[in-house]
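Two complexes, one shared chain (subunit A), two partners (subunit B, subunit C).
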Partner chain A sequence: MTKYTKRLDNRGMEETRPIEAKAGVIKKADGSAYFRIGKTTAFAAVYGPRELNPRHMQNPKTGILRCNYNMMPFSGTERIRPGPSRRSKEISMVTEKALQPVVNLEDYPNAVVDVFIELIETDAGSRCAGICAASIALADAGITMKDMVAAVSAGIIDHQSVVDLDGEEEHIDEMDVADIPIAMVPSTEEITLLQMDGKATREELLKSIDKVKPVLKNIAEIQRKALKEKYRSE
Partner chain B sequence: MTEENLLVKDKEVVVPGEVLATGMSYLPGSGTYRLNENVIANRLGLLVIDGKVLKTLPLAGRYLPKKYDVVIGKVIDILMSGWRLEINSPYSAVLPLKDATFSYIAKGADLTKYFELDDNILAKITNVTSQNLVDVTCKGPGLQKLKGGRILFVNTHKVPRIIGKKGSMVSMIKKATDCRVVVGQNGVAWISGTPESELIAVNAIKMIEEKSHISGLTDKIKEFLEKATGKTVEIEIPADSGPDNEFAIEEEHHEHEEHRDERSYERHGERRYEHREYRSRGPPREYRRYERKE
Partner chain C sequence: MNEELKAHVNETLKQGIRLDGRKKEEYRNIEIQTGIVATAEGSAMVKCGDTQVIAGIKLEVGEPYPDSQEDGVMMVGTELLPLSNPAFESGPPRIDSIEIARVIDRGIREGKAIDTKKLCIRKGELVWTVLIDVMPINYDGNLIDIGGLAALAALKDAKMLEIKNDKVVIGKRTDEPLPVVSMPIPVTVLKIGDNLIIDPTDAEEDVLDARLTVSVLDDDTLCAMQKGGNASLTTKDINEMIELAIKKSHEIRKKLKEALK
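The block that comes next holds the complex of A and B.
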């Protein structure tokens, strides 16, 4: 039986940290958003579609999506060296692949849509927060997309599946912890990002994916509300 | 059989992925698509219910060139056989020699005599290909080089509001400030007058952009203009616009678009590019009479 019966911050097992989302926070950008989950805060800015240079990167069949994930030096307890790292390059790539299936890039041949994700505060689940923010920003930029992409991390702590690990839970040493960031397209339940760090059985993994689905749909609602709020207050 | 239901009201803001209607009796138009039994929005916009067709009018996004749009472009390059214009869009436009002026330009002539780099030009889009290659022309009423003045970038989706019904808003600004004002569909506005009056016109346009959703906007702008210029301003809706009023042309095209939607829906899908052409703002003024006879 599991030893992990109560979460460190007294949350429910399938409860996320408090979420706050806002669209249109960066005036200069074509689209932008802010997404905060607990102590993780992501800003995303979208520029484009715009002309793609160098020319040889252009694709006449479709536009391309370029994502850039970056953690601010002061975002965590330890200073992050500025500039691209192995980690941030990887996350940029998976973010791109998580968003690509929903964006109708065929509408913009030869062009590029640039997404910049900046994390000013990180406490686990930063790539998921980044994807959530980027998806709001893309919609805010008026880019045609089939649906939003919602992302959150699932977790398995000592065989107990939980949702949205925070930094403290991620670093539990006494028990087995698996951190599973998942991104999903809510309307089709298509999973566009699935990574895992830690140990889990096949059954545990499948179970936690099932558990996280309703949570992701909920997050998608929060994202949509953020977009509508922008036009309501105006 | 699932229930046939409309889930969203007309003129409401919808977001990507939002289910607009269930059941097969509603049809997806532009900005929406069908997934199984549902009609879903695929961009941020205002929902427009046109009979059985659901479509969205975009609220944000870059300008995408459309046939017959009148745009303001800036010369960024001079080619062998024309000029390349930047039109505030992901795609640049080409102004070919033969469409540049009514007079004949000999081969090998110095093209800078007609349009120099950085010149602003009011031009009409003649063609947009599937790859979004854009051709423009300068032959037409009011289409020309814009000398002097200043350029203002505005949200392309708010251009219809800035122009107003039959050009009422922009002609009010013109009358009040004594400026020459041209607003291109691509969200570029050109204003020329005395420095003080240009500033008033710029502020008025910015105000329209910010408060475009408010009802009674015309009165608010009128008030603003009266205060700024110290003149009394009259709101007048031109009954029939003169031939030199490029703004009125824009507005009439909008009406055209409305009429065409049901027809254009039938072509949805199988002939995508023709369909796109159809959705454009209708034929130019000079061809219209011809079309009616048909």
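The block that comes next holds the complex of A and C.
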């Protein structure tokens, strides 16, 4: 039996925080998006396909996807020094891997598609918010894609599965908390990002993944809606 | 520099028209919003035309400088985020972004916008540090003025943090506002050929000959300046640029006051 019978902010166990998504928010970019989940807010901009430099990195068979995740200095509890950290470099890398499977990079030989993700405020779930924003921005840029990528964190708090941990839940000390960021291609249910911080049994983990799938499909709908709304208003 | 663009800009300016159809002394529409970042002690988003900037304030406690033991410390940071313009690249800050941060910093510092004496916790030992970060989301020129404006709005929005045993209590904002006592408004005037313009887009910045940023206080005194660009300025130019900056500072100050009501 779990001791975590009621969430700290009274949400349902499989309920995300409020989500807001917009496409085409950065005019200078080829594609862009805004994605907010609770108090975690990401902007993403796509530039490209454009020439890849240095030239020796160019590949005549395919383009490359280059992601850059960054937290603004005021986006955390303490000020973050500008410039890449070990954490931001790793998140940039897993973000790339999360998005790559849906992007038809072979359509862009010798080129690079640059994705810049900036978090303006964070309260847990920032890599997932970044991936959601980036996915909308890629589609907005007209990059050929097989599908969206939707991401959210699954959580296990004292054996209870929950969806979309917030900062307060991440820092519960008196119970075991596992934070499991997951990204998925909604049409095929392929998982493209999977990380875990904390303890869980194999059964608990698989159950969490199952629980998060419908939530991710719902997030993909919100992403698509953001794109449609941009083109409706134009 | 793009010579063809420059010739074109000069040609149209002779007829009093700019690339985007504005008049020479016309500012783009400004929108100011405060309190947009939950994790910051104060924040603001300013849109001016297509330029969009976020400023955020973080507070820390630390030691004062040895030569000003009763004063809090402040610092402005700016990054030309590659998210905001295709011409910006990742990497350590370059001189362009360093200059912008320093010019914004100088206006706030020399205009004594923050009462630093009120940020002293224990003389010579412990003071507040005010960290102001100015980040463009979409860069279409004029980051000094718009970033400076965002910084002022964010400072006005900022609340002090609770402090316990000489340490900040994480996330505990009090009701006490940051002691902001004046509003030095930075206005940058560009010289392109024989023309003076304000609030440039990035295309206009690309072809500027010279620029002058003037920070103006509410009694029209000046508190900071910076000349930029490769061309020189005559005294007559400088006089005209300052006159224009003062005139425009009134409009911008009014907007800022309205937004902070």
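Basically, the second predicted complex is superposed on the first by the 234 of 234 C-alpha atoms of A that agree within 3 Å, B and C clash if a C-alpha of one lies under 4 Å from a C-alpha of the other, contacts with A are read in each partner's own complex, and residues count from 1 in each chain.
Basically, a residue touches a chain if its C-beta (ideal position, glycine included) is under 8 Å from a C-beta of that chain, and two chains touch if they have at least 3 such contacts.
Just so it is clear, the model here is predicted, and its values are computed rather than measured.
By the touch criterion stated above, A:199 is placed in contact with neither subunit B nor subunit C. Once chain A of one complex is fitted onto chain A of the other, the partner contacts of A:116 are limited to subunit C, with no touch recorded for subunit B. After overlaying the two complexes on the shared chain, residue contacts for A:142 are found with subunit B alone; subunit C is out of touch. By the document's definition of touching, of the two partners only subunit B reaches A:186; subunit C does not. When the two structures are aligned on the shared chain, A:89 is found in touch with neither subunit B nor subunit C.
Of the two partner chains, subunit C is the only one touched by A:27; subunit B is not. Residue overlap on subunit A between the subunit B contacts of one complex and the subunit C contacts of the other covers 50. For subunit A in complex with subunit C, the residues that touch the partner chain are 25-29, 39, 41, 43-45, 47, 50, 68, 70, 72-79, 82-83, 114, 116-118, 120-123. Interface residues of subunit B, counted against subunit A in their complex, comprise 13, 15-19, 31, 33, 35, 38, 40, 42-45, 58-62, 64, 90-92, 130-132, 157, 213.
Across the complex, subunit A is touched by residues 36-40, 43, 50, 52, 54, 56-58, 60, 77, 79, 81-86, 90, 92-93, 131, 133, 135, 137-140, 170-171 of subunit C.
The touching residues of subunit A, when paired with subunit B in their complex, are 30-31, 48-51, 60, 102, 104, 107-111, 139-148, 185-188, 220, 224, 227-228, 231-232, 234.
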